[in-house]
Amino acid sequence: MNFLVALTAIPLTSVVLSLTKLKVEQLRVVIPMLTWLQLVILTFLSWPALLSNTSVLTFSVDFSIDKIGACFLLLTNFIAASSITHSAWFFANEKLLGRGEEPQHEKLFYVACALFVTAMSFVFLTDNLGLLWVSIEATTLFSAALVYFSRDKHSLEATWKYLIVCSVGIAFALLGIILIFASSQHGAIPGGSMSIRLLVEHAKELQPKLLQLGYIFCLLGFGTKAGVFPLHTWLPDAHSEAPAPASALLSGALLNCALFAICQVTAILKVSEHALLATSLPVIWGALTALAASFFLIHQFGIKRLWAYSSVENVGIMLFAIGLGSAPLFFFQALNHSLAKVALFLLSGNIIQSAGTKDLSHIRGILQVSPSWGITFAAAAAAVTGMPPFGGFVAEWMILSQCENLTQGIAAGVLLFALALSFIAVSLHVGRILWGKPKHQTVVHPTFASTIIPLLLCIFSLLAGITCLPMFFLNQP
Amino acid sequence: MNSETFVKARATGTGQVQEMATFGVLALLLSLISLALVLGHRKQLKSAIPAALTLISALASTVLLILSWGHDLGWQSQTPFWLGIFPLTFKIDSLSRLYLTLLSVIVCAVSIFSPGYLSHIAAKIHAGQYWACFLVFIASMYAVIASADAITFLVAWELMSLASIALVATDHSHQSVQKSAFIYLGATRVSSALLAGGFLWMHAISRSWSFHDWIFNDPVTYLPALLILIGLCIKAGIWPFHIWLPYAHPAAPATVSAIMSGFMIKVAVYALIRILVFGALNSTLIIALAFTLAVVSTFWGVLFALVQNDLKKLLAYSSIENVGLIVMAIALSLYARQASLATIADLAIIAAIFHSWNHGLFKCLLFLSVGAVDSQAHTRDLRHLGGLAKRMPWTMAFFFAGSFAICSIPPLNGFSSKFLIYESLFKNVLQCPTFTEKGLSLAVICLLSAVGALAIAVFVKAMGVGFLGVARSKAVHHAEEAGWGMLLAQACLVILCVVSGVNADAASRLIADSLTSAGLKVDYTISSVLPTGTTAVLLAALSALTYLLFLKASKVTNYRTWDCGFGTLSPKTQVSADSFAQPLARIFRPFLRYENSARFEGQDRRHFPEVVTVQTQIVSILENRVYLPGLALIGGLARLLARLQAGSIHLYLLYVCATLCLLLFLGMAQ
Amino acid sequence: MTITATEICVLTAALLACLMVGSLHLRVNLWLYSLSTLCIAAATATSALEHSEMGPIFIAILIALLKSVAIPKFFSWAIDKLHVQRDLGAMVTPPLAMHAAILLFALSFILTKEIPSPAGSVNGWFGAAGGISLVFTGLLLMLTRRLAISQIFGFLVIENGIYIFALTQTNGMPLIVEMGVLLDVLVGVMVSGLLLFKIQKSFEHIDVAQLTQLKEY
Amino acid sequence: MTSLYHWIFFLLSVALLPVLVLGTIRKTKARLQNRIGPPLWQPFYDLVKLAHKGETLSLTMCGVFRLSSIVVFADILVLAWLTPWLCFKPWAPEANIFMLVYLFALARMFTLLGSLDSGSAFGAFSASREATLGLLVEPAVLLALVALGIFFGSSDLRVIFSLSSVSTFVSSAIWIAAGLAIFFSSLVELSRMPVDDPTTHLELTMIHEAMILEASGRNLALIEFAHALKMCILFGLASQCFLRAIPQFSTFNIYAQAGLNIAGLLGLAMFVGLLESLTVKLQWRKVPEFIAYILSLSLIASFTAIGIGAIK
């Protein structure tokens, strides 16, 4: 149980602190520190799992973690820490704009963040499908508070759609999990089990029909949460209505959780007799998702909606990787996507503040407004569209080069087309944003401080690209 | 790159020369990039410093390349610095050395040219960003040529594209520049996507990333070969994929367009040779396709060059023509190789490489001179130029030299390579088996001569209307001779043009030997050596004699141009670029669609117009009939898809149900 | 074949849910919901007795208290607060929708025919059918209602269906999972209930069919 | 020793034949118009006269104008040295078909530039017409030569025009076709009737004359002489072809050949005179059709050559 304490102590403290009478200015200093501290603690906690390639670190019954899980855990918390750190500047600027909400909103934001991140951490820590479901549902509930942050009609609408669509989807996931559980009771494991590792071990003996059904339901359910086309409908609304740091969290961390769940279930199915289903369905669906998303990118009007759709596209790529059955590649892609996308969302937050609008047709000449923003923005966009020398390129290249059979080959072709299309679409918008003369008076004056976090993230993404360390760490051949 | 070829590469190089050269090229790249990164943020900086550094490193690399001539240099990135699981592998064999040397030469010239030129447009550009992108651009081109495997190649290729896009958009305050940048961006991304597809496919077939292991002699490999071919053709600006070229070159600063047109499109040519020719592609269909496209683009390019008014656009179109020539030679060589007509194959490939070298030189020269004109007269539009002869005689002289070279007038270098192309076609007529092939290559010879004549018309127009006669606008009156840096750069290139023209034979032999040592057995057998050198000397001597002995003595009186006694005529009575091209354009009416738009101004416009402005512009058929509809189709699809996101939650829930049914159906079907 | 008490309860619950679709009156819906939930609690209890184990009894009581009493109470209070009596209905008219629901009820028997009955017991079919039909009904409810509140009802019905499914298709879910699911449902209801009032506050209605500001084009 | 004779012969013919040819044409035309006409050597006197005059240059001109006339002159001399237009030529280097064509192109290019230099509309318009003619006629000439090249299996004019070449009936057909093609295209190249009327007085209709409108004095003399020499070269080439069509030609002794050669040259000149006094100038937009016929001639030649090659 001590690990539960270690896991929840700091979030709870930050919750408590945010609920006390502390000034928001003080919170802006304390909370980020706490989140970084949390990251450190988690690193220590999952250190053994990180080091070994095979062994699974078990904390207690239902709670254990392996290498990939640990990577995701740390990634999630890192993303959370950086976006919360950046949110300090963000909210300070909001104040400058006079759009500053009263402090308790911001405090509530911190509370929700803490809970949200904890829920996400549980997704990676639990070994129990049921608890996995519970924690993912929990993330929905907590993040709803983040989406609702600005408390206007739009955010309300976005929140409602998010809540309803995701809950319905997730409900199906629960159905799927129950089916898998039922399938495990047919002789495989006496009394049945929800432990993923047990299921993977006994995948052969699981009742095939139930397993298959369960897999499909899980794919649908977690797919809704991950924003797979055409279940992505909630995603752009939620991302564009949430405040920039929150959208960064949603896109950079939450999607990974849902995809991780899919990855876990797929792992079970891959060793069962339905391997074909597990290798073909996600691949095709991923490619199609990427394609659809890249079409959505073309006539886009909102800067954050743009990045939301590019997240959908990346979700497609990750689903592709999952279908190829290579968890490390999935993580690598997720890593690069998260780094770049978070940088983009944070910068977009700055840009929106300075331009005073989310409308792409009114944001121009950012290179003139602030070269540092502009260049970082361009770099991040290049990274997220999979341009070398950033990590995204390497990840996508490795994913594409892993295709074996004809189906995967065709899907790879579709994916290539989607990548090209999305790059063109994105860089059309980015070019218009960066170039030309600014249309607006800069409301918020760009400070270099507000570029630090995105810049760091870009640099990390670059390092992920030009060094072999991540891949060797994940011991890919 | 798989290890044994790498080891081979290392083994062939001898000791410290190789180490030195490797280190040198490496140092060059690193210094360039670090410099770029350092400069990234400076708003205004003296262009002299980076220019000098670039010059030094380019000279250094030239020297190193020449010192290490004959040794293959190999270098593989050490372990932390890999791309994921792929090491960056470089290999400079004698083929890549040829191109690298050309690149170094061009970079030298451009870096001499830069400071003077940039000082004229300093107000419009962010010098730091410009130099950063410029250096990354150059470095990535070095990397592309030196890369030994597909991944290194693609990475460098993408970097090259990104940097050049940024450079095209250097002066991004204009909408038109942005538009060109976007068009270029789209084209280049499509090309890299196709390349990636081909590379991945080849990897799936051959299980290796190294070009060395890719052999295209199996029907399985034809589709990837086609993908690669088209991808490269887009970058090279082959018809019908050339659309981006006339946009990108004029939009970019002269220094950039000089390199883009002088070398970047040759990178694609190099890749064609490296991958398809060394890969011994033997699919007649694909070769025929390449040949046809190339022939069409020679004709198309020169035809549209004829009707351009913007000097840079004109040059861009003539680049299309010349690249067409090069690719045609490559295709011919591929065809001859698989028809086992060795001599023709060798001659053609030599011609291709030699012409790409020559075109690199004189196209760079021409772009630089146009840049000089632009920096002085602040316009490149032939409708406003003219009469520069008196203002900037040296620039004119260099431009003329370049024009003569590009019109392949002996004894300049353009002719020497074009002659090889003619010769190989002629030999093909003699030797190839079937009657149709003979007839075809005869027709191509005929077409090429027509293209040559058209090119003469094009450049006479450029020279005559642009430099001779009376100035057509105020701007020209203030023009003065360009600075010494600009002139020096052009002068060097002119000298190189003459040298490589006169020593055509030696150059061809050099190319043949390089190809042989690069692994493609080529011997240079030509019936007899052209007397280009003798002709040159004779021409010069006779001209000098005629002047000294005959013309010098005559007493000259100056008077007005013959004006039928009307008194001084206004510059408007001179022939304009359009009217000069009109008789030719009339012949090709089916291809060239003019669009006239007249505007009448002033009150009571119908009866007494005060200002009448008539605009004539050429309509690009491909763009209007093919590309715009295609884009519109994609846009329409996007709009259609966007309707899915209609905002109604009931709809969204329906999607969930529909997907559920679909998945159940699919999943249960299995 | 014999039909057990559990299955009778389950099918009753399913039919009650079908009736929900037929009526636009929120209070009627609430009553029907709480009744069907009660049936579900009963089903839990009977199945517990069949397997003669005491753990599920506790859950049955919990369900009876929370889902069939507390939640309906909360919503009836909400209905008073929001001054809404009846839904306007979307897409299809209620009677038609109800017939569709009953059709789906029938259909679910066909669909679940193939599902192998849970290990150890011979008959899980009716239970599965009931669960699936509840899920269908819930979806139908969400699709054919305009008010936010009745969409929550629909969601609750879906939850019931899944619970039934779990109950009849598995012999004994892990307790912790049961608890977690229950908790999540409660929190979900709380959050969505909260949002109800917010929507009422800023839009002055809770008609979600009018929430179409966020869209492409 | 013979080579010395050759040199002398060659230089003499370069110096005199142009004048003679021009004179012949004029004389023929005069006789056909029942005039006595100027003496044969009149063109020579004209040149001398021009050489004694001073020249008038336009103020807008830069060096290009004079440079062009010089370079054209030099270039034509080089061509005279390279091209086998006389069968008693001294040592000549590799004379490649393509090089030949492009040296002619050099001359044309400089002429065009020279005409543009003055900035006069006449020069410019005629220049653009000349460029058009060049585009049309260059393929014809090239193809005619290539046809011969194909037949003799080399693109080297020395090989083609070597006397050792045995000639059959078919080959003489090729020779004649090629010769006709070269002759007619030379009419276009030299902008004579029916494409251009050198004696017209309306600047707007001239081509060559308008291009040299600004030239005067020695400059004009250079241009005129160069033009005449060019004419000789082209006619000489054509006459060579016709002579080669005679199967026994290669068996004749050198003097007979030389005589026949010059006779052929002058004959062609007379024919031109005849042509110019019989035909009228073609409409400008009819010219392409005319050239199309020439092109078809050389196509016939080349395809026959290919056919024979295929048979052989």
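By written order: A, B, C and D. Residues from 1 in each chain.
One rule holds for everything that comes next: a contact is a pair of C-beta atoms (placed from the backbone, for glycine too) under 8 Å apart; a residue touches a chain by one contact, two chains touch by 3 or more.
All values reported here derive from a predicted model rather than from experimental measurement.
Colleague: Suppose every chain is reduced to the average of its Cα atoms; which one is closest to the average of all protein Cα atoms?
Modeller: Located nearest the centre of all protein C-alpha atoms is chain B.
Colleague: Starting from the Cα centroid of chain B, hunt down the chain whose centroid lies farthest away.
Modeller: C
Colleague: Write down the chain pair with more C-beta contact pairs when A-B is set against B-C.
Modeller: A-B
Colleague: From the mean C-alpha coordinate of chain C to that of chain D, what's the distance rounded to whole Å?
Modeller: Chain centres of chain C and chain D, defined by C-alpha means, are spaced 101 Å apart.
Colleague: Measure off the straight-line distance from the CA centroid of chain A to the CA centroid of chain B, and report it in whole Å.
Modeller: Taking the average C-alpha coordinate of chain A and of chain B, the gap between them is 43 Å.
Colleague: What is the distance, in whole Å, between the centres of chain A and chain D, each centre taken as the mean of its C-alpha atoms?
Modeller: Distance between chain centres: 79 Å.
Colleague: Report, in whole Å, the distance between the mean C-alpha point of chain B and the mean C-alpha point of chain C.
Modeller: About 69 Å separates the centre of chain B from that of chain C.
Colleague: Of all residues in chain B, which are in touch with two or more distinct other chains?
Modeller: In chain B, the residues touching two or more other chains are 639, 642, 644-645, 649, 653.
Colleague: Hunt down the residues of chain A that sit against at least two other chains at once, touch-wise.
Modeller: Where chain A meets two or more other chains at a single residue, that happens at 160-161, 164, 168, 213, 236, 296, 299.
Colleague: By the touch rule stated above, which residues of chain C touch at least two different other chains?
Modeller: Where chain C meets two or more other chains at a single residue, that happens at 139, 142, 151, 208, 211, 213-214, 216-217.
Colleague: Kindly provide every pair of chains that touch.
Modeller: Listed in label order, the chain pairs in contact are A-B, A-C, B-C, B-D.
Colleague: Inside the complex, what are the residues of chain A that reach chain B?
Modeller: The contact residues of chain A facing chain B are 160-161, 164-165, 168-169, 172, 212-213, 215-216, 219-220, 223-224, 230-231, 233-234, 236, 274, 276-277, 281, 292, 295-296, 298-299, 332, 367, 371-372, 375, 382, 387-389, 391, 393-395, 397-398, 400-401, 403, 409, 412-413, 416-417, 419-421, 423-424, 427-428, 431-432, 434-437, 465-471, 476-477.
Colleague: What does chain B use to touch chain D in their complex?
Modeller: 386-387, 389-390, 393, 400, 404, 407-410, 415, 418-419, 422-423, 426, 429-430, 435, 438-439, 442, 445-447, 449-450, 452-454, 456-457, 460, 463-465, 468-470, 527-532, 534-535, 538-539, 542-543, 546-547, 550-551, 553-563, 571, 573-575, 579-584, 587
Colleague: List the residues on chain B that touch chain C in their complex, please.
Modeller: Against chain C, the touching part of chain B is residues 639, 642-650, 653-654, 657.
Colleague: What residues of chain C sit close enough to touch chain A in their complex?
Modeller: 114-116, 118-120, 135, 139, 142, 148, 151, 155, 158-159, 162, 165-166, 169-174, 176-177, 180-181, 183-184, 187-188, 191-192, 195, 198-199, 202-203, 208, 211, 213-214, 216-217
Colleague: Taking the complex as given, what residues does chain D use to touch chain B?
Modeller: Touching chain B from chain D are residues 51, 54-60, 62, 64, 66-67, 69-71, 73-75, 77-78, 81-82, 93-94, 96, 98-99, 101-103, 105-106, 108-109, 112-113, 116-122, 124-125, 127-129, 131-132, 134-135, 138-139, 142-143, 146, 149-150, 153-156, 213-214, 217-219, 222, 284, 288, 302-303, 306-307, 309-310.
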